[in-house]
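Note that the chains take the letters A, B, C and D in the order they are written out, and that residue 1 is the start of every chain.
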Amino acid sequence: MDSISRLAALFEKLPGIGPRQARRFVQYLLSTSPGVRTELADLIKRLGADSRQCVKCYRWYAKNSSAGELCSICANPAREAAILFVVEKDADIENVERSGFRGMYFVLGGTIALATEEPEKFVRIRELMRRVEEDASQLLLNELILGLSATTEGDHTREILMEKLRPLSEGLNFRVSSLGRGLSTGSELEYADPDTIAQALGNRH
Amino acid sequence: MDSISRLAALFEKLPGIGPRQARRFVQYLLSTSPGVRTELADLIKRLGADSRQCVKCYRWYAKNSSAGELCSICANPAREAAILFVVEKDADIENVERSGFRGMYFVLGGTIALATEEPEKFVRIRELMRRVEEDASQLLLNELILGLSATTEGDHTREILMEKLRPLSEGLNFRVSSLGRGLSTGSELEYADPDTIAQALGNRH
Amino acid sequence: MDSISRLAALFEKLPGIGPRQARRFVQYLLSTSPGVRTELADLIKRLGADSRQCVKCYRWYAKNSSAGELCSICANPAREAAILFVVEKDADIENVERSGFRGMYFVLGGTIALATEEPEKFVRIRELMRRVEEDASQLLLNELILGLSATTEGDHTREILMEKLRPLSEGLNFRVSSLGRGLSTGSELEYADPDTIAQALGNRH
Amino acid sequence: MDSISRLAALFEKLPGIGPRQARRFVQYLLSTSPGVRTELADLIKRLGADSRQCVKCYRWYAKNSSAGELCSICANPAREAAILFVVEKDADIENVERSGFRGMYFVLGGTIALATEEPEKFVRIRELMRRVEEDASQLLLNELILGLSATTEGDHTREILMEKLRPLSEGLNFRVSSLGRGLSTGSELEYADPDTIAQALGNRH
């Protein structure tokens, strides 16, 4: 394969990119200055060296954005340490931040597909248990929020985590909660699906 | 205006129908048998006489679907009379039924726009108060659920109703609740809007 | 079935209307005045009596829009009688008129599916032959334009009509043409499908 | 700006990429192996050195895909040299190839916006003239096809090129043609815009 086709093939692996858009990326890069291409290439090559995975929440962060081994959120003493929000992936955190949440996070690394044996191999269950034990034994943890997708896999993941967290939660005296289900902002009853209405009814307040 | 154009103009008033589709309706009717057109015309002409608005819930129903002055739901003794679900419009009821709800309904007739004076003129607030007083004074009512849209107007309507219902609710001992807000079925945290996440956090359980 | 459900079922037969929108039509009609419903019903019931199919082009028109047995286009002496535009259905005529065409029309009544035996039973092939013979024998016809869809069925229909029209066209000295294929207004080469590009190349000028 | 944000900012400049997808690209790269990142970075950095712009058609190609100074199409003696297809950009060529065209290409480099002074500064008009003179003076050129977008800017560009090409075309005896306009494959008369119908009528055959 020639080098232009090879580059397009690598671009095609980026999430959401098809062969046509991959080719357009190459054309775009051909039309930019060598300086831009060099900067892009350097940032990609050094991405591993420039980034660090937070040892507390497993989020990736740029080394030059936070001094030590913790990301800027975990290192921030103003955050509410007593509430731990478990998310599936890094991108969820940005969105939750926009909602005004000011507690801590833990990145699970995905959801657990149905009938998965040894889910610990796929998502950070062990790491979550360890984190929770640490926080709770220091009397730091009041509540753990499971912020999983409102999908079949999200529900399955929540059940597995619930079961594993129950003994800890009872022994170490913290609450395990799930995000509320129901009508999302902007939706109307006439167009809501029956399951969402059932959840909205079940969670009425 | 000729009669074909006039018919198309009337079809254009149907919800969601533009001039092109209105014309297609006319073409479709021209291509059907006179028998179908006559049946359709008769059903439309007799719609008022064939229909009745339920005196309890204000839903429209076909006279031949229910014997008396009540719609089939209000007339059904197996329904749970202690829970009253206030909806905006008839179409909401079909959707709520699909979710498995088995209580009673009240059709408000719309939402209240911001800065509306005398909202009683636009939606059935007085009729709702009367219904609630009747039910509650017979000790029939345990809970009233406000099933309004998760929109600014829906929220505004809920606040107005809440305020008006509070004295009744305290005096007659029933609960006023709202549908749960949060992630709707199928949604993911990464793509949820911040307000929905804030609601899902507020309604975590 | 009760009368409201029956009306919704009839609305559901209108082109492009699903069960939910059909119900909304009923709700809309319930909310209008009896006078509007009566007018709509009368127009639908009298649609057959109020309309007439043009004996020349087979288009439907309102009796009160044209005096005699011809629609307003066929009755208009200012139209160019020497060019006959064959369309699939009435709705196509409105669109062709917007393009500035000022000749005559003939409504075929549809396209011919592949492997159709006796296509004369489904579309107005015999009527078209008769019309063409009449026009051409009076030396009225210079050109017949086949204005069929750019689809497989449209192409198949064109081929069948071409074959049947060839002897007439040669004997009576008129031209049979097809609409140009190629890039439609607003389209770009990068996003055009290969067949459209091939057609645009074949029809370059 | 930290290095992760800087990388996302550069990804955001890729055509069609917003801030959210740019972040997802970074997350994807963080999750791949260092080997993949290094290969991607190297291909981007070397893109300029690995690529060459064809001296005949101005298309970009990978050096390792064609030996000399010509791209694989211009270097291919089996291509029909007498037909020159002028396209706006490299990506158009791939699409035209799919349509079965087997002549030669020239990449103009864009379209000319209305009221552009000195259009030679923005697109390769001078280079096109030189190429055409060379080909035509060697009696190599029979036809030049202007394959521009069916948009206002495309039409404007075509007119400018037509005017500039006319003296050459007459003196050197080659034809200048434009792609056919009309119904694109799959389209129906009822939904075609009036301008497309007018073009399809004008280009009937």
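Here is the rule we go by: contacts are C-beta pairs under 8 Å (C-beta built on N, C-alpha and C of every residue); 3 or more make two chains touch, one makes a residue touch a chain.
Keep in mind the model is a prediction, meaning the values are calculated, not measured.
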If a chain touches chain A and chain D alike, it appears here: none
Of C-D and B-C, whichever chain pair has more C-beta contact pairs: C-D
Gap in Å, rounded to a whole number, between the CA centres of chain D and chain B: 55
Euclidean distance of C-alpha centroids - chain B vs chain C, Å: 41
Residues within chain D bordering two or more other chains: 89, 91
Category of the chain touch graph - line, ring, star, complete, other: ring
For the chain A and chain D complex, residues of the former touching the latter: 2-7, 10, 13-16, 20-21, 23-30, 34, 36-48, 50-51, 60-65, 89-91, 94
Sites on chain C touched by chain D in the complex: 87-89, 91-92, 95-96, 98-101, 145, 147-151, 154, 177-205
